[in-house]
Amino acid sequence: MANVKFYCDSERCIECNGCVTACKNENDVPWGVNRRRVVTVKDGEPGERSLSVACMHCSDAPCAAVCPVDCFYTTDNGIVLHDKDICIGCGYCSYACPFGAPQFPESGAFSSKGKMDKCTFCAGGPEETGSAEEYQKYGANRLAEGKLPLCAEMCATKALLAGDANVVSDIYRQRVINRSMSTLASNVRIQKDFLGSSPDLTGKATK
Amino acid sequence: MSERLERGVEALRGQIDSKVNAFFSSCVNCGICAESCLFYTETQDPRYTPIYKTEPLRKVWKEEFTFWGKFSKKLGLTKSLCEEDLSSWEELVYDGCSMCGRCSMVCPVGIDVADMIYRVKQGLEASGYSPQSLVAAADRAIEFGSPMGNILPALKAHIKHIEADTGLTVPIDVEGVDYMTTISANEIVTFPEYIAALTRIFHHAGVTWTISSEAFEATNSGLQLGDNKIAAELIERIVAAAEKLKVKYIVSPECGHAYSAIRWNGPNFIGRGYKFGVVHILELLDELYHDGRLKLSGMETSKLTFHDPCQLVRRGGVDAQPQELLASVAENIVVMKEHGRMNWCCGGGGGVSAIERAEEIRIKVFNRKKSQLDELNVETVVTACSNCRTVLEDGLDANNMEIPVLGLTELIAEHLVVSDSVSSKSAGSQPLMDAKSSAVSPVPVITKKTMNTDKSSSSKSQKSISDTEDNLKKIEGIGPKIEEILKVGGITTFSKLSTSQYDDLKALLNEAGSRYKMHNPTTWPQQAELANKGAWDELSDLQDRLLGGR
Amino acid sequence: MIANFIDGPLWYFSQAVFAIGIIWKILSLIVGKKKSDLSVARGSSVPGAIRTIFSRFIPDKGMASHIKLQIIAGYLFHLGLFALLFFAAPHVRFLDENFLGFSWITLPHWGFIVAAQVAFLGLLLLFLHRLMHQVTRLISSTGDYLASIITFIVMLTGCLALLEEFSELRLLHRFSVEIFLIYFPFSSLMHAFTFVPSRAFTGAWFGRRGIKS
Amino acid sequence: MDALKRSSKTITSLNVNLSLLVCFIVIIFAMLSFSPVFAAEGKLGNSNTATHQLGVKSPATDLWRAVRNRDFGGSKGMSSTSQIKSLGANTFINVKGQEWRKFRQNWLLPYGGYFLVSVVGFLFFLYVVIKKVKIPNGRSGKSVSRLSTMQRVSHWFMVILIGFMALTGLLLLFGRLVAIPVLGLDGFAFVASASKESHNVFGPLVIVSLLLMLIYFIQHNWPAKGDIKWLFSLGGLLSKKHLKIGFFNAGEKLLFWFTIWLGVVLSITGLLLLFPYYEQTEAYTQLAIAIHAIAALLLIAIAFAHVWMVVTIEGTMDAMKDGNVDENWAKYHHSRWYEETTVANKALDVDAHVEEMSSSESRKEGVYQ
């Protein structure tokens, strides 16, 4: 199977937090643990954008590199998973991760970290697929059922894309092209209106 | 197992009861008791740790009363109690413990260590590992009625003196009185003024009392030795005498050890209760005082402190009475940093003072008391135990400290209101005598002069009882040893000394040994002349000018 | 296999040894030979006994400066251990589920950790004092060292298992507790129970004589 | 003389070793401090070119660019927020994570490991090659009291704690490299968990041990005259005269102060690590781990050197066993201290003797003034 990836389209994300809710609901994660979050930049300013962030399932995952007990592993389809039976809750992965994906259930006021929890791409964990232990420890294993992660499936604006990296990038590339075309089209219109020349739309001389 | 070891183990085994079981089960060897024991704090030798002294008993307990001990004994893993143990513990237990019971007061799990050490003593005694001096004393007590031998004649002599001096009668073997007074040997030999004081106080308060000629001795050598049979025999004598005289109470002397023996241990030694009561002399005095039968006048003004005898205050329960009595006759009382129930022992209790070989360590551990006294800087020490008193005097002597040690009963007797006293013809009954007569008076009297800082008169002066001999120690440069030498040489009185020639005196000293050669008797005849004339003030002036009698 | 043994037979065996050992000891103290005191009492023994049971919690003032370490470390250790034993959430839960059927207030997580630290501090200092001070070095027996070490191991394994995620660590803790329970009745650890009768005996003795102890 | 030469060699080599160590630390710190600068410069360059880029660009590109700019330029104009309220949720991309990873994986693990192995290997080499420094003239049998009970208690308390912390800390640091091949993933996991939990529980006790150490040892560790001489002559062995050394020599004082200061650093960073979820500490936490690890490795190396010294110099251990040292040892290694104590003791002894003499005299003869 090919690599799977998340991609969030900032032009489409409307910060509805539907993905967050879907994730929580589907994986039954405890309070305080947010496998996915929506971050908004320039909130209320011109150029405001939102992005839904979770584990990016990096190819060269920093978390896996720094883990002192080597509890991370990457599946055939490029999903970075970890073994909670091995995790000791040291938090090193969270120091290395650029996306703030690793989450720790806080146990007690001394903030002793419990075992790390993070997005599994709805692919469960090392336990037997579909078993109760798997669900209890890692949440749903939708991938085994042939489904994509619920966050992406629930995304109302289809901003959050998940699935085969090639497909995701195709979709996104198509979107970018479409947006470019529309931008170009509007540019053409402007040029036509104000300059009176007919633009070349072959794509060879766009500069 | 040798026969004597077997006897020892058997005796130790017999000592183990619920109490010992609870104590040893609880001991975690925390070592706190060490810090409460003056034998440890002064020597810094960890072997003097109180609980360590009970090790023979613990060994027997462990081996025979615990599952693990029995088990490992079967496997041959434990080293049983052996004779070497007993012989090395003899010194620890007899010489290195005054049974003062301070450890029992501080143990965090509440072990009565002193009680356990007494139990160990019984094992050691049964196997014959006990100090010769104590055994001999016990033998004498059984044979002659007193650990110091036959001292009845001495007692009678004292009584004769007392009667002559005070004009009062000392009732002997009188039936049907309220109180039968017992006296410890030490008081008869060293502090006979105690008997005089008793006589005057009882007369003053109108107490009917008597001394039994059969059982006047209160010291119980069996208790010191750890031999319950001897202890029981000695108690039986007193009980028999008391029953014969049909008294209501036995009065225990000041001696704390004697009090413990008759009051607390006695009934258990003989296996039955008494038909009469036992009171300590201070309890009785306190009662009389409260009833208003003891009228006291005058206050001691010198700075004094009370040394609490362990067996009396800590382990006998006579705690408040001495304080009250002392407060009634003295106004400048200071207390030691640790006082009352937690006062430090003088170091001579539990028979230690009777063991000759223990003298070195006894003097060493006296440092504790010394530093306590140094802190206070007192002029007088009062105590209520003849043994403490002897030990204190010895210790103070050894440390060159000039602090008189007084007995509380005598102090009380000094302050009886004179007018109430029937007989005032005797000089001895005058509470405020001047120093002149005290030197020649057969009944030593504690006077203001002595109480104060008059360095020329040592507390030892009170000991002199003979009227044919003068207290030569009054002469600066003469101590008890030299006094002895002089008296052996025929110089017993001031007048004889005043007529002696320098050369004769020097010859006497040279004969006595090299240690005495250095003494210079030049001024002695001159001093003696003044003393003989009774010119005490002049003598004192002279002595102030002299340095070391030269 | 080993896990089953530790959670099963060994657990019950250790409990039995512990319970029987303590009952046996206390019975032997009650039933055992006692000397009756024939002397006339001045005070009464029962109040004295009760008094001493509590009064010995407070060290003598004059002694305090000489036994600072034993007092401080001793109190730290015993209070910490007591808090851990009876107020740590896992223990309360365990007691609730297995023995009592009811629970009580528990320490928060940070409280647990502080209690553990306090107890460790006390125990380590006491142990080192035992090793280093001339008196305790002389009088301590192998049993005393063993008792300290076993207690230390029980506490340590307990802290290792704090995360409550690794069954091996929980088993280790339980195993060390079992060793502790089995060793308990045969050692000076018994002072946890016998200090009461021991103080009571002494207190009664002093009480009879009218002495505050 | 032979013994002198031998120990001179050992002490020289130890000093070389120490200076190597110091250089190493300096290098590490230098790299640490420069690496972010390099990284920042690179990124800045990129963003500059981006602004000049012409043509159509994806709006998302701007977004990511802005994010990275914000991350490097502090709060330069761009804020990010999230509905999720947890520490770091507002941060879009934490670029420091990569640096931290680089430091840990590329610097700390390899060089830290080499450092520790080489120090231990070197000390072992010295231990094998250099014979023990015997007490000159052998043991006299007489002992001099050197350390009090509490001094020994606090020392061993620290030894137990630092030993334990070092063991668990090293397991966490190098366990993946060293222990996993032996124990396997599952086997190591519970060892590591136990290490982490106990490391956290015992950590604060180190502060107590530092305090005890300060209280009971600081009196002997103030700089004194002769210390510099000692250092320059490498333990008194380059000087022709036998150096008179007080209670501790300069090396021991250095050991003490190194331990205390490294201990303070370790305590502060360690406490930060104990509370990782307090606001605004994520960046500090990363720094704290780095400092904590370096300081710990240094302290462990120093501790090994200390152990080696004690093992090599006969009779040193006695002081920590029962507080007494052999008289000859004291005369040789701490002559000034020995003289001071013996003079004081003798004075006491003489006093006591005189007093005893006079008191026994007076007791026997009854001389009363």
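A, B, C and D label the chains in the order they appear, each numbered from 1.
The rule is short, and it goes like this: contacts are C-beta pairs under 8 Å (C-beta built on N, C-alpha and C of every residue); 3 or more make two chains touch, one makes a residue touch a chain.
On a predicted model such as this, the values are computed, not experimentally measured, just so you know.
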item	value
Of C-D and A-D, whichever chain pair has more C-beta contact pairs	A-D
Distance-to-centre winner among chains (Cα means, whole assembly as reference)	C
Chain B-chain D separation of Cα centroids, rounded to whole Å	61
Separation of chain C from chain D, taking each centre as the mean of its C-alpha atoms, in whole Å	36
Length of the line joining the C-alpha centres of chain A and chain B, rounded to whole Å	94
Mean-CA-position distance for chain D and chain A (Å)	44
Chain D: positions in contact with at least two other chains	189, 193, 196-197, 200
Shared-contact residues (touching 2 or more other chains) in chain C	113, 133-134, 137, 162-163, 165
Chain A partner contacts - residues on chain D that touch it in the complex	54-56, 58-60, 62-63, 66-67, 70, 78-84, 86, 88-95, 97-98, 100-101, 104-105, 172-173, 175-176, 180, 185-186, 188-189, 192-193, 196-197, 200, 274-278, 282, 285-286, 289
Touch list for chain A against partner chain D, complex	9-11, 15, 17, 20, 32, 34, 37-43, 47, 49, 51, 53, 62, 65-71, 83, 85-92, 94-100, 103, 106, 110-113, 176, 179-180, 183-184, 206-207
Sites on chain D touched by chain C in the complex	149-150, 152-153, 156-157, 160-161, 189-190, 193-194, 196-198, 200-202, 204-205, 208, 322-323
Of all residues in chain C, those that touch chain D in their complex	69, 113, 116-117, 120-121, 124-125, 128-129, 131-134, 137, 156, 159-163, 165-166, 168-169
Residue numbers on chain C that touch chain B, as the complex places them	25, 28-30, 32-35, 37-40, 42-43, 52-53, 56, 59-60, 62-63, 66-67, 70, 74, 130, 133-141, 144, 147, 185-188, 190-191, 194-195, 197-203, 205, 209-213
